[in-house]
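Below are two complexes that have chain A in common, paired first with chain B and then with chain C.
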Partner chain A sequence: MTTTTIPVKADLTSKVKGRILPPLVTGQEYVLIGIIVALWALLGVFTPAFLTAGSVVPLLVAVAPVALVGVGMTFVIITAGIDVSVGAATMVAAVVVAKAMVALGLPLIPAVLLAMAIGGVLGLINGVLIAYGRIHPIIITFGTANLFMYLGLQIFGSSTVNNIPSTFAIFGRGEEGRTLGIPHSFLITLIVLGAAWWFLRHRPSGRHLLAIGGNENAARLAGVKVKQLLVSAYTLTGLLIGLGACFTLGMGTSTLDQGVGVGRELAVIAAVVIGGTSVLGGRGSVLGTLLGAILVQTVTSGVTQLGWPSQLSDLFVGLAIILAVGTDIIRERARKKTS
Partner chain B sequence: MSASTLTPIPAAATKAAELPLLQRIVRTLLTQRVALLGVLIVVVLAVMMSLDTAGMLSGSYDTDYLASTLISAVPVAILGFAQLIVILSGKAGIDLSVGAVVSISGVVFGFSYGVWGLGLVPAILLTALTGVVCGAINGYLIAYIGFPPLIATLATFYALKSLAMVVSGQRPINSQTIQDFYSAARPVELPLIGQYLPDFPMAVFTFLLPAVVLMWLLLNRTAYGRRAYAIGTNDDAAKWAGIDTRRTRLIAYITAGGLASMAAVVIVAQFASARPDAGTAGNGLALPAITIAVLGGVAITGGIGRVAGVLLATLLVVWLNAGLLLAIPGNPGTQMQLLAMGVMLIGAALLNNYASKRYGIVK
Partner chain C sequence: MSRKHLKMAAVLAVGALALSACTSKNESSSVGSTPASGGEAVTVAFVPKLQGIPYFEAMNAGGQKAAEELGIEWLYQGPTTADAAAQSEIVRAFIQQKVDVLVVAPNDPDSMAPLLQEAQDAGIRVATSDTDAPNSVRELFVNQTTPENHGRALAESLTGAMGGAGEFAIVSCSETASNLNSYIEEINKVMAADFPGITLVDTVYAGEDQAKAASMATDLMNAHPDLTGIVGLCSAAAPGVAQAVRDAGRIGEVFTVGGGTPTAMAPYLLDGSSSASVLWDVENLGYLTAWAGSELAADTAFESAFDVNSDITGVTYDAATKIMLLGDPLVFTKDNVEQFDY
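Up next, the complex of A and B:
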C-alpha cells in the first residue's frame, strides 16, 4: 500500500512545483504583443506620421496614468475585488494639489507627496470598509465614488482652478517631460510596474494576494493575513491614483475643470481585463495591464490619426475587450480539458 | 404523526411573538428592506414638509411638486428593474451597459419617430427591438460563452456608447415631432377623479405602472420568475433541478436591455430631445441604477431582490433629491445629492451585513 502511494505523491509535488510560477510572458501577453505590433505596423503604413516621436511620445504619456493606476487595479482585481471610485479619487487628488500649487506655490516633490497622501487616504477608506465591513467591493466603491465626487466638487467650488503653475510639466508631453526622448511619466510607470511584477511573482505577500483571489477562505485558513493585504491593495491603488493625478495635471493646461478623472475607472478596468487578469480573481499580471493600456491608447490615437470620428475609438475598445477576454476564456477552457 | 411535524412551527412563531414590541419593530426594519424604505420615505417627507412650513425651502414641497418630480423617477425605476433582474440572476450579475443602451435606443427612437416619420407605436417597437438585441448580445456573451458580466457589459458599454455617437454624428435629434413628444412627460389631470388628486406626469401611467406590474408578474407569478431566483440562489442546484440556466440568464439580460430602451423613450420625452449621450454623459446612468437596486435590497450575490424594494428606493431617492434641491438651491444642492446617495448606499450595505449577522436572512 505505502510503496505505491509514495511515488505518486512525489510525482504530484514535482509537477505542482513546476507550475507554481507562471512563465515570464504568458500566452495572453504574446497575443497582445502580436496585436500591438501588427497595429503599429499597419498604422505606420497608412499614416506615415504614426511611428514618429511626435506621435509615439504623446501616446506613451497618455498610457502612463492608466497603466500606473492599472498596477494597483491589477492587485485589487487579483484579490477578486474591484475599485470603481478611481475617477472620483483622481478628481479629489487633482483638485487639492492644483489648488495647493496655486495658493502656496508648492514645489514638485511636496506636491507629488501631497497627491499620493490624498490618494492613499481615500484608498485606505475603501480598503478598510471592504476588508472590515465585509461588503462586496463594487458596492463600497460605488458608494465612496459618490462621496469622493461630492468632496471633489465641494473643493472645486463652482469654478475651474486657473493659473496652475507648470510644476508638473516634467510629467508632460513637452521637452522638459523627457530624458533621452523617453517621457518621465512612462519611465516612472515602468519602474513601478517592474517592482509590482517582481513583488507579485516572487514575494510571499504577492503570492498571498493571488491566494486570496483564488479562495479567500482557504487563504485565511492557510494563515494569510487577508484583511491587512486587502487594505494594502486598495491603499496602493490610492497612492498610484495620486501619482497618476500628477501625470494628468502635467498633461493638461494651466486650467483644471470638473471633468478631470471622469471615466478613468472604466479605462483602467478595460486595460486590466484586456491584459488577461481575471475579474474572478486569482490570476493576472501587471505586464498584461501595461500591454492592455498601450493597446487601448494605440486604438484611440490610430482612429484620430486615420481621420475617423474620434468617438469610433470606443467601439474598437469594446471589441478589443471582447476579443481579448474571449480568447482567454477559450484558452482557459482548453487548458482545463487537457489537464 | 401530524402533531409531531406541526409542533416546531408554532413554537418558532410564539418565540417571535414573545419578543417585546420595540425589538420586534427593530427586527422588522432591519430584515425587511421594504419596511425600512417605507419608514425612511415618511421621515424624508415629514422633514421636508416641516422645513417647507418653516419657510426654509426655496419652493413649496407639496403634493403637486412631489407628483411632478415623479417624471425623473420613471427612468430611474425602470433602469433599477433592469439591474434587479440581472443582479438577481446571480454569477456576479451586473449590467454596466444600461446607460449606453439608453443612448443607442434613444437615437433609434429619435430617428424612427422624429426623422423617418414612423408612427409612435412602430417607433417604440423598433426602439424596444434595439434594446432587446443589445441585451441579447450581453446575455449571449455571459450565459453561453462564459464572460464575467462585469466585463461583457463593460465592453458593450464602450461599443454601444461609441455607436450612438457615431450614428447620430454627435448631434441630438430634436425635430418638431420629438419636441412635441414632451407632452408624454407633462403632468396631466386624471379623468373622473383627477380634480381631487395632484397631476401626475403621463409617463407614470404609460411606462412606470406597466413596468411595475409586468416586472412583478414576471418575477412572482411566472415559472420564469421562479427559475430566475433559482439560478441566482444556486446555479449548480438549479442546473441539477433541470433548469436551463443559460437560457434563463440570457432572458434576464434581454429583459434588462428591453427595459433600458423603454427608459430611453421616457428620457427623450423628458428632455424633448434624443441625445446620443443621454445615458453616458458624465458618470452615466448605470451608477444610479445599480445604487437604486442595492438600496432597494437587491443582494449583489444574487437570488434576493423585490420589485417593491426597487420602487420604494426610487421614490426615496427622487423625493429626497427633490427636497435637497429646494433646501440648497443651485450647484451645492446637486452635489449634496451625491453625498446623500453615497451615504445611503454604504449605510444600506453595512446595515444589511449587520442584520444578516444578527437575524440571518435579509429580504
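Up next, the complex of A and C:
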C-alpha cells in the first residue's frame, strides 16, 4: 500500500504545481507581442524612421514611467482593487522634488529617494484606508486623488517651477539618458518588472495577492494576511509613482506646470488592462502590462509619424481597452461554465 | 443593520468629500477696495480658463495693479483644470454675489453663452477677455491680439530662423481652441502668400501636456527627416518642442518658435533650441481688462483709439464688433527675455 501511494503523491504534487503556475507567457501576451511586432514592421515600412534609434529610444523612454507604475497597478488590480490617485500622487512627488532641486540643488540619489518617499507615504495612506476602511478602493482613491491634487496645487502655489536643473536628464530621451543606446529609465523599469514577475509567480506572498483577488474571504480564511498585503500593494505603487515622477521630470522641460501627471492613472490602467490583467482580480501579469504600455505608445507615436489626425490614437487605445476587457469577461464566463 | 447603515454612511461621506474636492478651487483674491466716489467700489470679477498657471497669474497681477490705481475691487477666481463645467460653477457664484462687472475667459464659449445671459439678466455687465464668446450677450471683448497679427509674427519669426525655406510642423494644444485654430489658419495663409519656400507637413495636438508635446515633436522629426521648423503654439507646447530639439541634439538644425511665457522659455531661447516666443504683454492685458471693466460699469463710451496710461498705448476699439485690442504682439528672443518675470 505504502509503496503505491508514494509515486502517486509525487505525481499529484507535480500536477498541482503545474496547475498553479500559469504558463510563462500567456495567450493574450502572445497576441500582444504579435500585434506589436506587426505594427512595428508596418510602421517601419510606411514611415521613414520608425525603426531607427532616434525613434525607438524616445518611445521606450515614454513607455518607462507608465510601465513602471503599471507594475504596482498590476499588483493592485490583481487584488481586485484599483488606484485612481496615480496622477495626483505623481503631481505631488514631481512638484516637491522639482522645488527641492531648485531650492537646495538636491543631487540625483537623494532626489530619487525623496520622490519615492513621498510616493510611498501617499501609497501607504491609500493602502491603510483601503485595507482597514473596508470601502471600495475606487471610492477611497478617488477621494485621495482629490486631496493629493489639492496638496499638489498648494505646493505649486499658483506658479510654475522654473529653471529646474537637469539632474534627471539621466532618465530623459537625450544623450545623457542612455548607455550603449539603452535608455536608463527603460532599463530600470525592466529590472523592477523582472523582480515583480518572479515575486508574483514564485513567492508565496505573490500567490496570495492573486488569491485575494480571486476571493478575499476565502483567502482570509486560508490564513492569507490580506490587510498587510493590500497595504503593501498600494505602498509599492506609491514608491513606483515616486520613481516614475523622476522619469517624467527627466523627459520634461526645465519648467514644471500643474499639468504634470494629469491623466497618468488612465494611461497606467489602460496598459494594465490591455496587458490582460483581469479587472475582476485574481489574474494578471506584469509582462502583459509592459506590452500594453508599449502597444499604447506605439499607437500614439505611430499615428503622429504616419501623419494621421492625433485623435485617432484615442480611438485605437479605446478600442484596445474594450477588446481586452471584453475578452477577459468572455473568458471568465467560459471558465465559470466549465467549472 | 446598524453596521450596514454605518458603512453606507461612510461610503456616502467619502463620495461627497471626493465630489466636493473635485470642484474645489483656489481661494479668490481681492485687492483694492478703496471707495471710488462716496459709494461702494466697483467690483470687477475675472474668471480665467484656469487658475495657477503663470499666464493667468500674470493677468491677475496686472488686474490687481489696475485695481489699486483705479480704486476698484478686482476679484480673480478660476478652476484648477481647464474645465468648462468647473468654470461655470465659479461664474454662477459670481452672479450670486452680484458683482458689478463679470469678465470671463471661457473654456467653452458656447456653454458660457447662456450663463452670460443669466448674468446680464441679473443686472451684471458682462465681458470676455483673452478668449471671446462671440455668440453671447457680452458687451465687450478685450482682445490681446488678432489672429492676423499673431499668426504673422509666428510665421515671420519661424521663417527667419529657418532661413526662408524648408518644411515645418505645428504642435498645438487643444483641438477645439478657436484662438489656436485661427492662428494655425493665419500661419498657413502668411506662408502661402509670402513664403512659398516654406511648406507645412503636419499639425498635431498634444493637449496641455508638455511631455506629450515633446514626444510628438520627436515623432515629427523622425517622420520628416527634412523638417527644419516646429511651432509650439501654446504655452505647454512651446517649451516641449524646444526640449525635443535639445534632446535630439539638433539645435541649429531644427528651429522652433512658440507662444510660451518668458520664464519658461528663457533657458531654451538662450541655448538656441527656441528662436522666438510670440506673446503679448500679459500683465498689460490684465490691467486693460480691469480698466475696461470699470469703464463699463461707469457707462463710459470707448474711443476708437486711445492710450490707457504711459505703459499701455495704441489701444483700439471697434464699436461694431465691441472688440478692444491691446496692440501688437510682443516677441521674446534671447536678447529681451530676461527682462520679464512671468
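One rule holds for everything that comes next: the second predicted complex is superposed on the first by the 309 of 339 C-alpha atoms of A that agree within 3 Å, B and C clash if a C-alpha of one lies under 4 Å from a C-alpha of the other, contacts with A are read in each partner's own complex, and residues count from 1 in each chain.
The rule is short, and it goes like this: contacts are C-beta pairs under 8 Å (C-beta built on N, C-alpha and C of every residue); 3 or more make two chains touch, one makes a residue touch a chain.
Just so you know, these numbers come straight off a predicted model, no measurement behind them.
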item	value
Combined model on chain A where chain B meets chain C, clash or fit	clash
Chain B versus chain C as contact partner of A:49, first or second or both or neither	second
Touching partner for A:266 - first (chain B), second (chain C), both, neither	first
Partner chain in contact with A:248 - chain B first, chain C second, else both or neither	second
First (chain B), second (chain C), both or neither touched by A:174	second
Chain B versus chain C as contact partner of A:305, first or second or both or neither	second
First, second, both or neither for A:153, with chain B first and chain C second	both
First, second, both or neither for A:134, with chain B first and chain C second	both
Shared contact residues on chain A - chain B and chain C	133-136, 139-140, 142-143, 145-147, 149-150, 153, 158, 262, 311
In the complex with chain A, residue positions of chain C that touch it	7, 10-11, 14-15, 17-18, 21-22, 24, 26, 51-54, 57, 80-81, 175, 201-202, 204-206, 208-211, 214-216, 218-225, 236, 239-240, 242-244, 246-249, 263-264, 266-268
Chain C contact footprint on chain A (complex, rising order)	47-50, 52, 54-55, 58, 62, 133-136, 139-140, 142-143, 145-147, 149-150, 153, 156, 158-160, 162-163, 172-175, 177, 248, 251-255, 257-260, 262-263, 300-301, 304-307, 310-311
Touch list for chain A against partner chain B, complex	82, 87, 129, 133-136, 138-140, 142-147, 149-150, 153-154, 158, 262, 266, 269-270, 273, 278-280, 309, 311-315, 317-319, 321-322, 325-326, 329, 333
In the complex with chain A, residue positions of chain B that touch it	92, 94, 96, 141, 145-148, 150-152, 154-163, 165-166, 170, 282-283, 287, 290-291, 294, 300-301, 330-331, 335-336, 338-339, 341-343, 345-346, 349-350, 352-353
